[in-house]
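The structure under discussion appears below in the form of structure tokens.
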Amino acid sequence: MFELLKARILHGYQAIPDPLKAKINQAFPGVPRLSAGADLAALAKCCPVNAISDSGLDLGRCIFCGKCQRLDPEAVSFEADFRLAADSREKLIIRPGQQDYPETSIQTRLPRQFRRSFALRNVSAAGCNACELELGACSNVNFDMGRYGIEVVASPRHADALILTGPISQNMEAALYSTWDAIPGPRFLILSGACAISGGIFAESDKIRRSFASKLTVTLYIPGCPAHPLSIIHGLVTLMRGR
Amino acid sequence: MIPIVMIIFLPLLLPGIINRSKAIMAGRKGQSIFQPYYHFAKLLGKDEVVSSTAGFITRIAPLIALAATLVAALFIPMGWQKSVLGFGGDFVLVLYLLALAKGIMVLAAMDSGSSFEGMGASRELSFTAFLEPAFMLILSALIYNGSLQSLASIISWHSINFHEVWSLISALLIASALYIMLLVEAARVPFDDPNTHLELTMIHEVMILDYSGFSLALIHYTAALKMLIYCSLISNLLIPGSFFWAPLIYFVLLFCQLVSIGLVESLMARFRMNRNLELVLVPVSISLLVMAALIARTLGGW
Amino acid sequence: MTNPSCLELPARLNSVAFFEQIRKLCQNGYSPMTLFGSKNRQLFCLLHQGAELKLLNGDFPSTLSFPSLSPQFPSFQILERELYEEQGLVPIGHPWLKPVRHPRGDIYEGYEFFASQSSALHEVGVGPVHAGVIEPGHFRFTCRGEIVEYLEIQLGYQHRGIIRIFEQDDIRDKVSLAECIAGDTAIGHALAYCGIVEALTATPPLGVRIRIIALELERIAMHLAVLSALAGDVAYLLGQNLLAALRTEVINTTLSICGSRFGKRWLCPGGVNYGIPMALAQGIVSNLKKTQNRIRLSCEAMLSEPSVLSRFDDTGKVTAPIASEYGFTGIVAKAAGLKLDSRVDFPLYPQIDFIPCTECSGDVYARAQLRYLEIMQSFDILFMLLKEPLDTKPLSQKPKEIKPDSLAISIVEGYRGRILHLAKTAGDGSTEFYRIVDPSLVNWQALAIAVRGEGISDFPLCNKSFDLSYCGSDL
């Protein structure tokens, strides 16, 4: 009994006061900055997921492994800014010299009825469990996305959005489509993590089927490997309520 | 007039208060107290997806359950001594209306053809088989020595009276039996976990897994209204005599009950499914005890 | 045997002698770690007894079939199914040849689940999409009312074809891939992979103390995650919230060192990418000491709470005879009483001296208590390692050239159990095969056995107490 009391007292109040404005540890690789004169060809050769090309750094493919930064710290740096989510695939490509990424990344708004209540249904389609654990962490005492009215629900019939994690294996394709069909409208698709957005490190595998993510309209992309809970919460709340 | 307003607007506040007390126990901010209202409003704007194997029962069940529970709520005293409607022996009607609401939802659960919902329905009914006799026994015991009266007058007749030891004991016993019934009917810990994501362990939530949109909103409201009914019965039982400040005490007692539900949910683990049945027998034994004691009192006359 | 290391390629036996030798070794107490076939029609089998390893090499049988070892030695059941699925070799006499990862794509094509005709029994199927935020898998229960008579688990939904990607191109560039085999065991698999590369290129790694620190931090964080989820499954919210907050403390420590909460991007072949400066190390030690105290209070409170104990005790039992017969490893085996810990049998460098914890009852309580004991043990290891300076440069060295025609083995004790990576290079330096054995591959059978006779509503609790990896098993 006393151990429980002591444990509870030491636990205190654990919620991060404002997840949207939280300060994350400096070591965290967040929004990348490419210098204007970066040698993209050399960087592209070292990237394990082909995220760097002539147009810049594709956040939808980036797994934030830091190889490019270690190769050429002058050209690539990752700021400790978790506001990575964007509402279109084109916005995820960071051009050399681009400075304004988080300011313009999410401009869509959900209809008014979702301002204070948003129900998510997660389908893990061959995710490695890191993205799933981070999504589960969003409802824990620290991040507590329930305070914004966001919750993960048990049935697709209760949900407003499907949040997909994982690159979509061929064995999960059918289940994914039937879950999507069971969600009543208006419904939205959210892709969380590099694997969901582009196949990530599994993009070249022949056991992956990308048609679901490429054919349907996607409302929100949350980059990361895995997507950090603060990124997820920031993306969702910006969709629901704006800045 | 006021009770009707309360019946319409108050129920959705109850889950909000319970969730807030759980959040404070957990050390986090948690949802707003009005979150069930926002949730309800959002659901009104959603489409409905109905499974192709479901029949007409699935469509009409939420409406019938809502109607039955609403009418039952009109017979429940809420803070004032009188309820909106009342006649001698109306507690039988209340019991049957609540049973109708539950029965139609169970039928709809089996109509959906999913094996989980069938399991949830069978678990639900196994508890009901014990709780309804307990409820009936308690209320019959309370009218044993009087004429057939309305539910509101029975409760106010037997509500706590600090001058008489006997009424103190009987009111507390009946309130605790009703509290356990509240926990079972509202699907709270230790009988069921309302936030569980494990479809194999659900009792109540599994029956609503296939509903969406407007029907789902009605179901949430009906469940909250049922919670309000039981909480009102307990509160009214514990309001001493014909106190002038009865409504105020009613709200205080209501609040205390909700916070206590939140506390129990945070501090206790859920029972194993086969142990649930053991605990459901407690209201039955309390009701038999109260019935026997009231009979003895009338015959023995102390 | 040092771990990781290159092994001598054993003499090639013909297939009859190969299986005979396996049978003889198993009769003498050896148990299999892996059995597979390679592209050029060779069979390999790795067996162990305590710290002794035996590698056997044989030809494909000309009839493309062989007498099954499973009836006599059940630990081969999933290995033979895997061999059949990958190479088409039929194990004659196998009790139930069911798909492992069904790479052909259609899950139920031609496969009948084990079903009973009795009218007293009913079937419940759960998955692949589950109600919570977890990976997909299918569970087919045969129930009598609320009691589970039989459970059949069908996985394979997570199959991403990761082995094929490992075997392409340069084996030295695959660390990010290794971290994604199972994201919650990123450090365990990455460490095993780095060991393979270092053995194949004869590159001694740097920053070895930091690697062990990373591994133990992951062990603590994931054990806390499992304990928190166990509390959530029995609706013990206080325990769930306390332990989840403590896990955040631990993974934020990992974040402060390498930038990822799961330790991704920390390790690389040849060393580590991130060291721990003295100031950071001191902050970490003081923070972890406070966290350890809070964990002790929370776990002791939770594991002595009567309502929790009434759920945990006697649920989901796996006894020692079954565990050793089926070859279970890790938490499953330790909770049943078997002393199986790769940190003792196949220690990495630097070797840590300790006695692995075991429990004896093999139920959910034993596994929970065992996780708590392992957490405390890992803290002691961490504090010991954090005393020395950990930021001496350089932190890693580039791997040298790949040795051709070499076979390397690397074993790591991940938080679930023994992780095995085995790789061989061909004459031109390309990868002939790369095998990954996650502890979950064999341990899933433990869940199927443990729930027999339990209530179906206790299944999620049992499942979580094992905490097996779907994607580690499916690859």
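Lettered A, B and C in written order, each chain numbered from 1.
We adopt the following convention: a contact is a pair of C-beta atoms (placed from the backbone, for glycine too) under 8 Å apart; a residue touches a chain by one contact, two chains touch by 3 or more.
Since the model is a prediction, treat every value here as computed from it, not as a measurement.
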Using mean Cα positions as chain centres, tell me which chain lies farthest from chain C. B
Count the touching C-beta pairs: is A-B or A-C ahead? A-C
Could you tell me the distance, in whole angstrom, between the mean C-alpha positions of chain B and chain C? 47
When the C-alpha atoms of chain A and chain B are each averaged to a single point, how far apart are the two points in Å? 41
Could you put a whole-Å number on the gap between the CA centroids of chain A and chain C? 27
Do you know which chain A residues sit against two or more other chains? 8, 11, 14, 141-142, 152, 154-155
Check: chain B positions touching at least 2 other chains come out as 26-28, 196-197, 199
Multi-partner residues of chain C (each touching 2 or more other chains): 131-133, 238, 241, 245, 305
Inside the complex, what are the residues of chain A that reach chain B? 8, 11-15, 111, 113-118, 141-142, 144, 146-147, 149, 152, 154-155, 157-158, 160, 181-186
Residue ranges of chain B in contact with chain C within the complex: 22, 25-28, 115-116, 119, 189-190, 193, 195-201, 265-275
Under the definition above, what is the set of chain B residues touching chain A in their complex? 23, 26-32, 35, 38-39, 41-42, 44-49, 196-197, 199, 202, 205, 209-213, 216
Chain C-facing residues of chain A, complex: 3-4, 6-8, 10-11, 14, 25, 27-29, 48-49, 63-66, 70, 78, 122-137, 140-142, 152, 154-155, 166-167, 169-172, 175-176, 179, 195, 200-202, 204-208, 225-226, 228
Contact footprint of chain A on chain C as seen in their complex: 102-103, 105, 107, 128-129, 131-136, 156-162, 164-165, 173, 176-177, 180-184, 186, 225, 238, 241-242, 244-245, 248, 252, 255-262, 264-265, 273-274, 293-294, 297-298, 300-301, 304-305, 469-471, 474
